[in-house]
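There are structures below to look over.
Consider the two complexes below, in which subunit A is the common component and subunit B and subunit C are the respective partners.
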Partner chain A sequence: MSLALALKTGDVSRLPSRRDEDWRWTDLRGLIRTIPTESPAFLGDVGAGPFDALADGSVVIVNGWVREGDPAPETGVLALRFVSRGDATAHDAEFAVTVAPGQTLTVLESYEGQGAGGYLANIGLDFSVGEGARLERIVLVDDLADAVTVSTADVALAPGARFAQTILTTGARRQRLETRVAHPGAHAELRLDGIYLLDKQRHADLTTQVTHGGVDGTTSQLTKGMVDDQARGVFQGRIIVQPGADQTDARMGHHALIMSDKAEVDAKPELLIFADDVSCAHGNTIGALDEQAIFYARQRGIPELEARAMLTEAFVGEVVERIEHEPARQLARAWVAQHLGRSIL
Partner chain B sequence: MAAVQETVEAVAALEKYEHGFTTDIDQEFAPKGLSEDIVRFISAKKEEPQWMLDWRLDAYRRWLELEEPDWAKVNYPKIDYQDSYYYAAPKTKEGPKSLDEVDPEILAVYAKLGIPLREQEVLAGVEGAPRYAVDAVFDSVSVVTTFKKELAAVGVIFCSMSEAIREHGDLVKQYLGSVVPTSDNYFACLNSAVFSDGSFVYIPPGVRCPMELSTYFRINAKDSGQFERTLIIADKGAYCSYLEGCTAPMRDENQLHAAVVELVLLDDAEIKYSTVQNWYPGDPETGKGGIFNFVTKRADCRGDRSKVSWTQVETGSAVTWKYPSCVLRGEGSSGEFYSIAVTNGHQQADTGTKMIHLGANTRSRIVAKGISAGKSTSTYRGLVSAHPKAKGARNFTQCDSLLIGKTCAAHTIPYIEARNGQSVFEHEATTTRLSDDQLFYCQQRGLNQEEAVALLVNGFVKDVLQQLPMEFAVEAQKLVAISLEGSVG
Partner chain C sequence: MLNIQNLHARVEDKAILKGVTLDVPAGEVHAIMGPNGAGKSTLSYVLTGRGGYEVTEGSTSLNGEDLLALDANERQRRARGEDEIAAPAFLKLAREKAASLKIDFEMLKRGLNVGFSGGEKKRMEIFQMAMLSPKFLILDETDSGLDIDALKIVSEGVNALRGPERGMLVITHYQRLLDYIKPDRVHVLAAGRIVASGGPELALQLEAEGYDKYASAAA
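Up next is the complex of A and B:
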């Protein structure tokens, strides 16, 4: 069951539903009654992307069509833009990134919803990180409120590789951002982070699956989120340590703030361990902002709304600070502030 | 060193499953297999009223339409439900009036298991020692219930389920199936159709039960399943502590145990439910035999400020599928779940809890410790959910897994669903192995490897052991050490 399969066959019964364990909180089957027609190619101007100024080169994919341009840089900084300009239509896109052994690449990925109509977008990504290579992926997702997006990234790491990822999203009508990592152990390092800031009726699902297949691997995961109004945030993290993958060190954290009585957060942090010499842990907290902290701020003359935004910004800030690429980190910081209604001078 | 010496002796004496003996007793069986006729047979045997038979038949028909669940992380051969006896009872005169009428063979079984069935034996101990009343269930029937008179004097009803259906029909009719409905799940539905015995407890308003209540379950007959049903009702302001123990003989065939436990708590009531589950786990080398333990346990905190506490020590069974749950409906009600699950050999355990917060200011606490050794698998699976009306709900969950050996597995699968902005949920889990440094430290100080493991494991599960009633805690501590015997080195 997948969106890709449903798009290919036009058969809605192929869509994942609540009855599929991995999709229990992101029901597509109940939402989509018919598979829309294919999005037409859009040849007009799509404006500048959020990361254009930081990149050495860019790849622009509009409604699933790759725009002609210079070849993507293999090292340095690549801006990868997925632009959706649909009008109740659907499209598919695929892209693969390979980092050669010993090389370093930063991928600044953006999902941009444009126009007025909703769309159904399915994006498949493949990342292959060679021996000793480094790849940092920063994903900024700004979908339209009535969009349905599923993005699935498969990541293969070679021994000694390093992959770091930070996803920042404001959600959509339904949105699933999934990352699956094949971790060979062998001193490869993995960091998987995420931030979701959701309001109104938006939904975001950050799902990860890390499979440790060999000795000496590390994984560090930190996801933080805020939901307001009737929004729904979903976090599903699964760490599998296969037999023999000893000396694995895996940590997973998910922490969320619920700002309204109609908002919802669902979490499933899973550890499946088949090896004994490991150190794995996960932590999960869900709650409201500390009223005492708000009171403290108000006492000092900060209006309540601003105090709430400030505290939330500090809460998710921990994830932003883990971004290694300096200009991208600043951009992410500003993005968070903007979405929380504060402007950084 | 006395305590250590005692552990060593206990381990040495009990190298294999201690309770694995069989007893030849003249028994009466229902024909093998499951059908409406068998359901009618069981009901007739128990001299049940028509409403009870109708209830069973309704459950049976629903069961036929259900599918066996397959989502748990356990593997077992397909169960042939037609290849088992659903009723097995020691042949005896109808309803023995006193212990003297009970088959001496059965009394010998309980004596061997160390369960006091004679009230004077319990009293013969040290003055002031805690007393506890026992309901002894042997295969499909309750053979004896002790201290009934003394309990009745304070208004507490403690009897077997069959007796309750006959003598307290109104209470049973009102509450049976109100916590776990017949079609709740596959195994609960099967139980509703064919349940044979179990305990019934009613504590009247404001009464604090004067002694611990306990049930001891024993499967003896070959090719039979045990389907007991327990119902405990704590009326307003009542309190009781209930203990449950279980054992079975060693056999090469798997036997099914599908029980249902329902707890009802009204305003300000409190129930403490402790289980030491030690069903035959199967052969540690080959994995042959053992009990399939598929149990549905649920507490419904209907009243405000009611409190329920589940404590379980799971060391036996080939396959365990069990999630004692709390429905926190009453305002300010609270639920606790303390669990130790020890798996060794080829055992598989998929166990955990569900805390469903429906009322305002409800609180819950989960402490689950899993220990896997040998080729076993231990899974913690839990759900914590808060309804939009459960404002001010709080949950704290801690799950720790300990792995001993290269071929075992430990999984943690928690589900958290938060649906309002005024609740707090905290969850933490760790998976580690027994630390080499700690083992080395203990061995350096003269403990051998097995003693060191027992010491460290007891430290690991201490938080849960402390929640058990005293006499159970001692037994549980030994049981944990014995279950892990031979798992290191």
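Up next is the complex of A and C:
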């Protein structure tokens, strides 16, 4: 069951539904009654992407069509833009990134919903990180409120490789951002982070699956989110340590703030450990903002709404600070502030 | 300056303040002392507008303006002293104030109160106070958790703000703080009422004799 299969066959019964354990909180079958027609190619101007100024080269994919442009850089910084400009239509896109052994690449990926019509977008990504290579992927997701988006990234790490990821999203009508990593151990390092800031009826699902297949691998995960109004945040993190993957060191954290009685967060951390000598931990918290801290700010003349935004910004800021690429980190910081209704000086 | 008239307040069904009347004119420092549960902190919360406290009777005003009608953050704005300030001048002022309070400027680059020790938090309070230089100050248990050195620094910060235009209400458990911040008047709060008022000597008398006689007087 997958969105890709449903789009290919036009058969809604192929959509993942709440009967599929991994999709129980992100039901597509119950939402989509018929498969929409294919989005037409859009040849007009799509404007500048959020990361253009930081990149050495860019790839722009609009409604699944790759625009002609400069070839993607193999090292340095790549801006990868997925632009959706639908009209109650659907599209598919795929892209693959390979980092040669010993090389370093930063991928600044953006999802940009444009125009007024809704869309159903399915995006598949492949990342292959060679021996001793480094790849940092930073993803800004700005979908339209009535969009349905599924993005699935498959990541293969070679020994000694490093992959670091931060996804920042404001959700969509329904949205799933999934990352699956084949981790060989062998001193490869993985960081998988995420931030979701959801309001109104938006939904975001950050799902990860990491399979440690060999000795000496590390994984560090930190996801933080805020849900307001009737929004729903989903975090599913699965770490599998296969037999023989000794000395694995894996840490997973997910922490969420609920700002309204009708908002919801569903979290499922899963550690499946089949090796003996490993260090794995997960922590998961869901709560409200500290009223004491809000009063502290108000006593200093800061209005309540601003105080709430400041505290939320500080809460998710811990994830932003883990972004290694400095200009992208600054941009992410500003993105968070903007989506919390605060302007950064 | 600060005027409190027959203030009654409760938390849920429990009456805590039972008719507090107090007048702190500009230029004076008044201390409020009292045993545990007397309502000292409630008084400061009601004055500053914290949620959960219901005023059932009485009034409070600052320079004639009704405080109870204002939101917590609006009250603070009324009490604030400074004019608008340009960023470089602000930074210069921050460096000066930090240096005078022996705060390492590097500390100001950290997240506020994240991983701060009790003393560091208090010092940061005093720093914020020095930066905001409010017209009226309410210091609630400012001395708790401070060692003698920190207490001196905090007191010097407070004393530096004393002036003819400014009033202060210092709420404390122990007389110790008043060795460093000399009050003009001392009031004893017991069982939700001010039961005695006097000069600085009253604090010393309390230290020697305890609150017992006031507890019975209030009951």
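The rule is simple: the second predicted complex is superposed on the first by the 345 of 345 C-alpha atoms of A that agree within 3 Å, B and C clash if a C-alpha of one lies under 4 Å from a C-alpha of the other, contacts with A are read in each partner's own complex, and residues count from 1 in each chain.
Operating definition for what follows: a contact is a pair of C-beta atoms (placed from the backbone, for glycine too) under 8 Å apart; a residue touches a chain by one contact, two chains touch by 3 or more.
Everything quoted here is computed from the prediction, not taken from an experiment.
Trainee: Which one hits more subunit A residues, subunit B or subunit C?
Mentor: B
Trainee: Given the touch rule stated above, what does A:Ala314 touch, subunit B (first), subunit C (second), both, or neither?
Mentor: In the superposition, A:Ala314 touches subunit C alone.
Trainee: For A:Met1 in the superposed arrangement: first (subunit B), second (subunit C), both or neither?
Mentor: In the superposition, A:Met1 touches no partner, neither subunit B nor subunit C.
Trainee: In the overlaid three-chain picture, which partner chain does A:Val265 touch, first (subunit B) or second (subunit C), both, or neither?
Mentor: Only subunit B is touched by A:Val265; subunit C is not.
Trainee: Once the shared chain is lined up, is A:Arg300 touching subunit B (first), subunit C (second), both, or neither of them?
Mentor: The second partner, subunit C, only.
Trainee: Could you pull out which residues of subunit A sit against subunit B in one structure and against subunit C in the other?
Mentor: none
Trainee: Write out the stretch or stretches of subunit A touching subunit C in their complex.
Mentor: 291, 295, 297-304, 307, 314, 317
Trainee: Mind pulling up the subunit B residues that touch subunit A in the complex?
Mentor: Touching subunit A from subunit B are residues 71, 388, 391, 401, 403-433.
Trainee: For the complex, give me every residue of subunit C touching subunit A.
Mentor: Result: residues 48-51, 71-73, 76-77, 80, 111, 128, 132 of subunit C touch subunit A.
Trainee: Can you tell me which positions in subunit A touch subunit B when the two form their complex?
Mentor: Answer in residue numbers: 21, 243-244, 256, 258-288.
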